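Two complexes come next, and they have one chain in common, chain A, joined by chain B in the first and chain C in the second.
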Partner chain A sequence: MDVLLQILIFLVLLTLGYLMGSYFEKRHYKSIRQREQQTRHIPLVTFGAKQHLPETDDAQLFVGSVVISIDYFKRISAALRNLVGGRITVYESLLDRGRREAMLRMKEQGIAWGATQILNVRLETATIGGRSGNNNGLGSIEVIAYGTGVRS
Partner chain B sequence: MILTTLEGVPSKTIVEHYGLVQGSTIRAKHIGKDIMAGFKNIVGGELKGYTELLHESRQEAVDRMVQQATDLEANAVVNIRFATSSVAQGAAELFAYGTAVKVE
Partner chain C sequence: MNYVPKEIPEGINVTHRHPLVNFAYLLGTVVIVSGLIFIVLGFVASYLATRISPETEEKIGQMLIHIVSEEEIEDDQRISYLDELLNSLPEPAEKIRLPLKVHLLKSEEINAAIMPGGHVLIHTALLETVKSENELALILAHELGHFQARDPLKGLGRSLVLMVVSAVLGISTSKSGGISEIVSFTSGLAELSYSRKQERAADLYGLAKIINRYEHGGYSLDFFRRLAEEEVRVLKLSKYFLTHPLSEERIKKLSIAAQERQWKMNGDFTPLPEWLLCPDMEECEKL
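So, the complex of A and B:
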């Protein structure tokens, strides 16, 4: 009976993770695409440190960050993938979402300030271990994007 | 205080270098936020509590770096970089460093 209950809980979590997870992911991607369209006019560049400094009046540091977590279904599917090796596609979308969201947040702050360009953008990823006690692989990640906004 | 990730400040020249300045902070997570995050771990998505927590902590690291620079009488910090590392279960170190300079 106990085993049955455990299997039931597992299946419920799996279904919940799959349904809610893919719903949230779709919604998030939709919002990312929309906001990327809206902020396209401001270029983000990863160079700028070794170049001649641009002739602008003002420069300021902008940081965008996000902590994002993977759903239960994907965690299980990645654990299965770990047995046979190969590409873990379920994690790719997690990291992709995180990076794009962080860059968008940085950009939106820059736009609010009046930036015409964001120079020398750097991205940093850190894993924030799993939940307290059970660190089962990649739990959630933090992505930060930072750069210098300039305006004239 | 001007903060940039560039090697200088646009339209200004560096007149003096004061060397490396840094600021760091270690934060443990909040139990209430952790419970919420536990739920979020099932459905996936952004953990807003943690985003805020880390944002505040990073701000504090930057503030400490700026404080060091102010003590050196610098008026800008250039070439800033950030780093994060998890030092213990449930705690993260946030670190910011850069070069303090005087610009005109």
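So, the complex of A and C:
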């Protein structure tokens, strides 16, 4: 009975993780696409660190950051992948969402301020939980996007 | 220079593969591979177990018997009775590699077991449940069958293998999440079918010894019959997770085997000694 119960809990968590995880992912992607379309008139560029910036009246730093957690289904898939090796496809979409969401948040702040373009854009990723300590229940990523918004 | 926004490309950094397909592929690989590893190493362990010398086995047995020594009842006349009954079962020509020793344990659980080194463990609850000597003798002969087939040593070897494999893979640690569950479940299932095979062989051996001793198999299956009535209440699904075959199945298999070998399956009832339930003689005097 003990074994049965364990398997049952495992399957329930896995199903819940998959259903909720893919629902949230779909909804997130829909929102990302829509907002990217709305904000695509403002260029994001990576130059600016050692190049001359265009002549502008005003400049300001904008930071967009997002934290996304994996779901149980992704965790089990990735752990299985750890045993055999190869691309962890379930994490690719997670990171893709993180990067795009972080950039959108930065861009939206810039637009609200009145930026005409955002220069010297950088992206950084950090893991939260999962790696440190024994707590394997928490595995999430933080993606930070930052850049210099200019307006003239 | 004018900035003209372009169409935003989609899905550059994401592999287009359905997560469920991906998961099924991974699960299949891990289950098959861990099952194969376990089966192969299990056979190696069983093979090595058959090569352990009786002296080494005795030492292993002495180390393991300490685990149960706390509940053990010593200096009881029931032990000498069980000893006598057990030793009357093998045929004179049959070679028993180590002297068998009966240990009586105070326990509410109806159970009997064999440990490496020829230690037969009998729970007191079992003695309270059996109704005839024929039944008790079949249980003892079943355990003797395990001993003769070196099943306890093989079991020990196999569990050592499982421990080593999981230690090497690092799956026994909590870091890997559900993976240890998947791997241990696979190996558990592989182990179950193996242990059921052993149980059937021990059953058959046991019945053969009973036929030899009493010249018939009557009453000896009554214990299983009573167990079968109990098991009807057990959830149907859980039978896949039992280490022993269901009692009803055991009775069926044994009856078929008896028919094939033309064993006589009815005969006289051999009663248990009256003092078996009251070893101190006090309770019996009251009756």
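The rule is short, and it goes like this: the second predicted complex is superposed on the first by the 144 of 152 C-alpha atoms of A that agree within 3 Å, B and C clash if a C-alpha of one lies under 4 Å from a C-alpha of the other, contacts with A are read in each partner's own complex, and residues count from 1 in each chain.
Please note the rule applied: a contact is a pair of C-beta atoms (placed from the backbone, for glycine too) under 8 Å apart; a residue touches a chain by one contact, two chains touch by 3 or more.
This one's a predicted model, so the numbers in the text were calculated from it and none came from an experiment.
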| item | value |
| --- | --- |
| Joint occupancy of chain A by chain B and chain C, clash or fit | fit |
| First (chain B), second (chain C), both or neither touched by A:150 | first |
| Partner chain in contact with A:8 - chain B first, chain C second, else both or neither | neither |
| Touching partner for A:117 - first (chain B), second (chain C), both, neither | second |
| Chain A residues touched - chain C or chain B, whichever exceeds | B |
| Which superposed partner A:83 touches (first chain B, second chain C, both, neither) | second |
| First (chain B), second (chain C), both or neither touched by A:55 | first |
| Touched partner set for A:65, first chain B, second chain C, both or neither | first |
| Partner chain in contact with A:24 - chain B first, chain C second, else both or neither | first |
| Chain B and chain C, minimum CA distance [Å, superposed model] | 12 |
| Those residues of chain A which chain B touches in one complex and chain C touches in the other | 74-75 |
| Chain A to chain C touching residues, read off their complex | 1, 3-4, 6-7, 10, 14, 18, 22, 33, 36-37, 40-41, 43, 73-77, 79-84, 87, 89-90, 92-93, 95-96, 99, 117, 134, 136 |
| In the complex, chain B residues that touch chain A | 2-11, 29, 34, 37-38, 40-47, 50-51, 54-55, 58, 79-86, 89-90, 92 |
| Partner chain A, residues of chain C touching it in the complex | 3, 5-6, 8, 10, 13-15, 17, 19-20, 22-23, 26-27, 29-30, 33, 169, 174-179, 181-182, 185, 188, 235, 237-238, 241 |
| Residue numbers on chain A that touch chain B, as the complex places them | 13, 16-17, 20-21, 24-25, 28, 48-50, 53-61, 63, 65-72, 74-75, 94, 101, 119-122, 124, 126-133, 135, 139-140, 142, 144, 146-148, 150 |
